[in-house]
Amino acid sequence: MAEIGTLADAVGELIADGDVVALEGFTHLIPTAAGHEIIRQGRRDLTLVRMTPDIVYDQLIGAGCARKLVFSWGGNPGVGSLHRFRDAVQNSWPVPLEIEEHSHAGMANRYVAGASGLPFAVLRGYVGTDLPSVTATIKPITCPFTGEELTAVPALNPDVTVIHAQRADRDGNVQLWGLLGVQKEAVLAARRSLVTVEEVVDELTPVPGAIVLPSWAVTKVAEVPGGAHPSYAQGYSERDNAYYAAWDPISRDREEFANWLREVREEVPA
Amino acid sequence: MAEIGTLADAVGELIADGDVVALEGFTHLIPTAAGHEIIRQGRRDLTLVRMTPDIVYDQLIGAGCARKLVFSWGGNPGVGSLHRFRDAVQNSWPVPLEIEEHSHAGMANRYVAGASGLPFAVLRGYVGTDLPSVTATIKPITCPFTGEELTAVPALNPDVTVIHAQRADRDGNVQLWGLLGVQKEAVLAARRSLVTVEEVVDELTPVPGAIVLPSWAVTKVAEVPGGAHPSYAQGYSERDNAYYAAWDPISRDREEFANWLREVREEVPA
Amino acid sequence: MTYTSDEMMAVAAARALSGRQRVFVGIGLPSTAANLARRTHAPDLVLVYESGTLGSKPDRLPASIGDGILAETADAVISVPEVFNYWLQPGRIDVGFLGAAQLDRFGNINTTVIGGDYHHPKVRLPGAGGAPEIAASCREVYVVVRQTSRSFVERVDFVTSFGHGTGKGDRERLGLRGAGPTLVITDLGVFRPDPDTSELVLTDLHEGVALDDVRAATGWDVKVAPELGRTPPPTAEELSALRALKEASK
Amino acid sequence: MTYTSDEMMAVAAARALSGRQRVFVGIGLPSTAANLARRTHAPDLVLVYESGTLGSKPDRLPASIGDGILAETADAVISVPEVFNYWLQPGRIDVGFLGAAQLDRFGNINTTVIGGDYHHPKVRLPGAGGAPEIAASCREVYVVVRQTSRSFVERVDFVTSFGHGTGKGDRERLGLRGAGPTLVITDLGVFRPDPDTSELVLTDLHEGVALDDVRAATGWDVKVAPELGRTPPPTAEELSALRALKEASK
């Protein structure tokens, strides 16, 4: 049964220094508020996992929370580069950032394997690319029936996965809809999970395209309206495209970023 | 783009003697009418594939359409055995029936591999059982990262998959809801596909829990109201439990079955 | 109230479930017992069916694992591949609740063939279904089976679902994660694996059943626990709930 | 009507799509072109986005691959694992429509690092995203890229997505099923792989562009097709559709 509580308590109880943490969300339903709470609580040495690290990961990296990033596409979607990410990779600022780089297909299948209790996944992937030469977690595997060679990637099993969803009921059952990304797999692959939701309701009325994560598959739920801003929650909010654009100049400059960081640290947690 | 036409034309054009054919449906949405049309058209030497062969497969087997059955559970759900299936296995009547036997987890993953364009799937399955000693399509595979031994099963790629769904629109997009079974995977794994539907509508309005198979992923659609009888189509019909019970005495007796078969052969096709 | 031995079995099986256990429910006797438990002392049980429903709350007995009521009352409806890969395989289920055509001294289950050889069986049974992986992956397995000397045998003709193999340690050697069959409930009594040998031992006799009845209906020289328990008969509440469930499903 | 070279590129790219092609659409230039095609001469195009939408029909340019309008107007919304495993990997997509930070003479794509080595790059780019498997699995790949001598290079610094490797036959040797990049559209012209060598050859110049402009913006000694075509300038209809799409997305 998922416990319903505050974001600050949930992050404090679930996420420790050195953990492997996935904040998932494929442009939609990105758990930004939870990321900011991780920054406020000063977590360090995290291995951050995400298919599409964008602004919130740029912020976590710039704040020095991460020692490693496992990912397949890091950028500010529709705008350009992640400058804190670049600064960490190119200049080790504020701390060095190790990277483990995959493709989307590889990352998605790593979560699928993790959710399935398997140690690895098989795909047609990476063939001919330079990725296997820089990423140790890509290996060949031979089909025992046809002899064909394919690619194997190891399961991802984060210590904690954090996602944002539209709703939960008072028992902690979680409902989300619209673009679903890899959130279900990321939650099921994780040892512990936190779901921030737009609202806690009495009953999860059916919604076309919605999936439900039963309460017993989730560790904690926190009600954080707008917790996906600047991304959006379909049916609740619109994507704040201006914020994505505004992030570019902030992240380009260490001092601007420091100012932003100070403000976030002073915010009262949700 | 799926072509919309009659059941008789679709079966005639898509299914040939000797084909590997899957009629899928997990108790819900079983494409029985299509099975009867296969009987009427006198197909022979089919390899029939299905996780849960039940009455319609008993009928196809009794009619002599099949030379092989690939399956994981064959029975009359809630009633008992499939007597035509038993008669074929135990007495080669009316023709010998080869069997390739798996578990549900294995069959489901074989379809998943087929739908994914992979030659095999990996699972934790069959360990300690006698199934690998009688089924050649179960092999060990070693994780290239952990060294752990798991089980591999080859992809299923039927020549034709037939399913029943609630609705299609006039472009041939198919919508189904309720228990989804393995139908999406079975269609995507197949070279050709036929979907019988309760009705063809102008627009597929959203339904909670529904999935849509785009027209370009389906070969043919035929409107066959009640085509899942005696199983059911959620939102359209109820399961005819009496028919399942009534099948038992018919199937126990070769002569009773022959009478049934004569009637089906004389039916006007949908 | 009078009751049948099948009713006693269903009630005893229902009593084995409790709290918020996640139960992977086979159709037939297991489904009857699990639904009875949910309607009596264990309303928070989470029923998972292989047809792809999580948290089904049917108010009558489903006619099959694909009964529409399972989907209509579920917390979530998922595909069949998903139920096996995301929910069963990783060990998220507490109890796998299975039936059996044949069960042996070490809790191995046969639902495939009886007599003859595999290719020329005396009786061809339905086959494995979800059972092999349910028996492998759930934390524990409970088996509900009507007991006769033909169904309760020294060694199954075919191992469809692995129990304790040939005895203690076999599961660990094979890398199976769940504990395997920890409880077998029949129409005569209750069996549990011996902690040292994993052989099924009679631990409880149902009310009104004699030890000799069990011996006669067991195909091996059955061992009896030093402190043999007695299953209390069904209560009036249990019986009426069971009968109401069955009545509603007609 | 006057137009920019970017508009010419978008229009030329849009014209490459037709009928009911299934197009796996990268964000940015490819998405602009695919949506323009759907709004002009190819209304039946099936747009697939890696965020998990099949058959999106947006009436403005999506701001990102996760723009809500892609889900709201789709025939089906599916999970990200599903889009890669069930729809891309088996070869169901006709055209993979990709951008590139760096593209080489044999159509290999780099979106990972430029300069230095991988661990100490001069410029760290976003990385692979879906591109490696899009480039591998689609029947054909079209690349849309602004052409400069820095982006159009003899050999990419890092092969993020495999094109034709070092030349003819490399894809077959690796067992790749799709044909790889068959068309490259830039702001200056159109390139196609030579049927014998798979080297990218200039086959069309956009209206108003000189051959020397292309030579100056190509990092290798570019070959020119014997019959060099001329891309007709954007029509008024194309331009107004393109501008309306962009306007609506503001």
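Chains: A, B, C and D, in written order; residue numbering restarts at 1 for each.
Operating definition for what follows: contacts are C-beta pairs under 8 Å (C-beta built on N, C-alpha and C of every residue); 3 or more make two chains touch, one makes a residue touch a chain.
A quick note: this is a predicted structure, and the numbers were derived from the prediction, not measured.
Interface comparison, A-C versus B-C: the higher count of C-beta contacts falls to B-C. The mean-CA centres of chain B and chain D are about 40 angstrom from one another, to the nearest whole unit. A straight line joining the Cα centres of chain A and chain D is 28 Å long.
Within chain A, contacts with two or more other chains are made by residues 112, 117-118, 123-124, 148, 184-185, 209.
Within chain D, residues 85, 89, 137 each touch two or more of the remaining chains. In this structure, the chains touch in the following pairs: A-B, A-C, A-D, B-C, B-D. Of all the residues in chain D, the ones that touch chain A in their complex are 27, 50-53, 63-68, 70-72, 77-81, 84-85, 88-89, 112, 118-133, 136-137, 158-162, 165, 170-171, 174-176. Within the complex, the chain D residues that touch chain B are 20, 22, 46, 54-55, 75-76, 85-86, 89-92, 137. Interface of chain B with chain C (complex): residues 26-28, 51-52, 71-75, 77-78, 81-82, 85-86, 89-90, 101-105, 108-109, 111-112, 123-131, 134, 148-149, 178-182, 184-185, 209, 231-232, 234, 238-239, 241. Across the complex, chain B meets chain D through its residues 1, 112, 115-118, 173, 184-185, 188, 211-214, 216-217. On the side of chain A, the complex with chain B involves touching residues 117-124, 137, 139-141, 143-146, 148, 150, 152, 154, 206-210.
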